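One chain, chain A, links the two complexes that follow: it is found with chain B in the first and with chain C in the second.
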Partner chain A sequence: MAGAALPGRLNWLIARATEIIEETQRVRSIVLDCPGWPGHLPGHHIDIRLTAEDGYQAQRSYSIARPADDEEVVITVELVDEGEISPFLIEDLRIGDRIEIRGPVGGYFVWEPSRGGPLQLIGGGSGVVPLMAMLRARVRAGSDVPVRYLSSARSHDDLIYRSELESVSSEVEGVEVLHTLTRSKPPDWTGLEGRVDRVMLARQAWPSFTRPLCYVCGPTGFVETVANSLVSLGHQPSRIKTERFGPTN
Partner chain B sequence: MDNERHLDGNALAGLFHDVFGREMTHECGCCSHCGAMNQLGAAWVFRAAGDVVRCPNCESIVMVIVQNSDGFRVSFESLRWLQISA
Partner chain C sequence: MSFPTRGFRGRRQLDAPADRIPPGQYVTDDFPVLSAGPTPRVPLEEWRFTMTDPLGSERSWTWADFTALPTETVTVDIHCVTKWSKLDTTWEGVSLDTLLADGTDRAGGHVLFHSYGGYTTNLPLEDVTGGKAWIAFNYDGQPLDPEHGGPARLLVPHLYFWKSAKWVDRATLSDSDRPGFWESYGYHNYGDPWREQRYQGD
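Take a look at the complex of A and B:
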């Protein structure tokens, strides 16, 4: 599949890591410089391919975390203990290393400010990554689309992009950020507690009569619960986009 | 059906690109079993030795993609039509 660029083919490109940001103990963002990158929309993902010395190849998809900026592609990766790719990306990858990527793909799950809102973003664990690209695009464009961002994490230390979200929610008008913690919470926690369910969505999400565009991303069970609850609260299935990334581990 | 395991059609975006030569996740298909029309990105996907794409409404198998030494073998099962935008 590598080699000459064929029309209609999604070609593998060589990307170089230029910056690594430790987001939490198990999550890091990797800034890649990718010559020839065609650009992307918020919500798009890429395929990453690693090749071992014996020729064995492993491939996995990762959401892009930031809106397009020249030939830069930023991913945020969570460590999956038995994963084939994430342990390398989290534990071994260094600045200057090169990996193969292709994309962008997944145009079903994209949002850009011109699509309007209100925008309801609901993410479980590292499911917040494509949603963050959407929120960052909204902020960067200076759009006035009202946004509610709801994330679910096990503990306060597992919240990804925490400080950036704090400043966005306090400085940017029209953006509300809410977190719910499912396992442990700090003593002074004032956010939400427990798993996202119908009751929480009825209180915290945009009501269905405002006809929000809903983007839900996370482990399959999480997405299933959230999407079904939104439908039962009267949201139009056609305005709910989901991205499931498999069972929780 | 094991509701904890499946992914969305969007997860196959790269594979669809290999098979169809273009972005397919926003294209719409019609299930020949129940008549539901959905974007491929919204279908249910089960990944194993091959990739099984099911209708999100009735769970019928609409497409199976298997990679073999010559490329890809695609079977269209409960797929009445697939719209491919110009």
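Take a look at the complex of A and C:
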């Protein structure tokens, strides 16, 4: 089987960093140019493999942040202090560096405009990354699927994609963007406050009778609370897709 | 062929026993949760585990029946396809050998496990017999949390952990191999962590 790509096989590909976007103090997006990339759906993720000089390797998974565009793959990475891959990607990676990636991986936690809506996106911390790929796909396609995007962050400075979301919510009809801050807020903050819970979801999420497709991504406790609350508010469990991360590093 | 990544040194886990860490995995001390949807809540009085064989015979256990069966306590390493491994996890459960003991036709060679909430996963029957798999209901001496698959989950520690279906309610023995949930989304049909069978074609 040497060299022959099996049908459907996810081969390791060489990707080159072409752009780095500092999203917050602890989060950056990395634009990769990946010849041979087979394309992906919003919500898919990739595996990254790094190799040290002595051959030691480490792998982790990262959600893709933008819908498919030729051979471009964009990830958004949050620094995990005790982590192994994220400190490298945040602190050491430079434009022009090459890393190995393979994918797309996943396939259940994905959305594209043809799947319809209404669409309810709920993200905690860097859990917003795959949701942003979905929202960007909705905007790029000029789809009329109504979207509510609710993100939870510790502070205003921790909100990922803040300025892009501001433009989308003011310029694109049918997209509502809400943020809740859980630890500190600016004095003039007009958004939501506190953790996402049943009461907040009852007020801010699509009501269950509209039968939205719900995508929830974030740390385990966040996803557990949000998904259980949605079920208790009458949403069909089969229309709630979740993706959880522990302290992934 | 891999090439060194400029500037990457890695953070080797020098205290981790190398012969217990499959390729591409790292050791974690906590117990991450992964599942595709909301956590099903199954009251014990409604819980059933049902097994059907290719000849159509069916056996079913209530929670009381099930927990009255002989149990085994095992300490095993578990390996998640998302790259974490957790060493020396202790579970109590009923061996599949016990559940298959009398009258179940095993000739088909395949089994599909089903869960409350709709999840499925497929395995060769020989991978869940011979002391290799359990329906576990205690973790670390405590009833299994719903987030981790309680009331009861499959435990097949020698394969990637998505095969250890949470919230199991049914096992269908069959002469055909039908892909389960993740197996239908491009994950490997068998999932041996030591051969790094994460995705189709690995």
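The rule we apply is simple: the second predicted complex is superposed on the first by the 238 of 249 C-alpha atoms of A that agree within 3 Å, B and C clash if a C-alpha of one lies under 4 Å from a C-alpha of the other, contacts with A are read in each partner's own complex, and residues count from 1 in each chain.
Heads up, the rule we're going with is that a residue touches a chain if its C-beta (ideal position, glycine included) is under 8 Å from a C-beta of that chain, and two chains touch if they have at least 3 such contacts.
Bear in mind that the values here come from a model prediction, so they are computed numbers and not experimental data.
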item	value
Partners on chain A (chain B, chain C) - clash or fit	clash
Contacts of A:P187 with chain B and chain C, given as first, second, both or neither	neither
First (chain B), second (chain C), both or neither touched by A:L230	second
Which superposed partner A:F109 touches (first chain B, second chain C, both, neither)	both
Of chain B and chain C, the chain that contacts the larger number of chain A residues	C
Touching partner for A:Q57 - first (chain B), second (chain C), both, neither	second
First, second, both or neither for A:P35, with chain B first and chain C second	neither
When the two complexes are fitted on chain A, the stretch of chain C hitting chain B, from 1-9, 55-63, 91-99 or 145-153	145-153
Footprint overlap on chain A, comparing chain B with chain C	8-10, 47, 59, 61, 105-109, 220, 224, 241-247
Complex interface listing, chain A residues touching chain C	6-10, 12, 14, 47, 49-53, 55-61, 83-84, 88, 92-94, 97-100, 105-109, 220, 224, 227-228, 230-231, 237-238, 240-248
Residues of chain B touching chain A in the complex	3-11, 13-14, 16-18, 21-23, 25-26, 39-42
For the chain C and chain A complex, residues of the former touching the latter	2-12, 24, 26, 28, 30-40, 82-84, 117-118, 147, 181-182, 185-186, 198-202
Complex contacts: residues of chain A adjacent to chain B	1, 8-10, 45, 47, 59, 61, 102-103, 105-109, 220-221, 224, 241-247
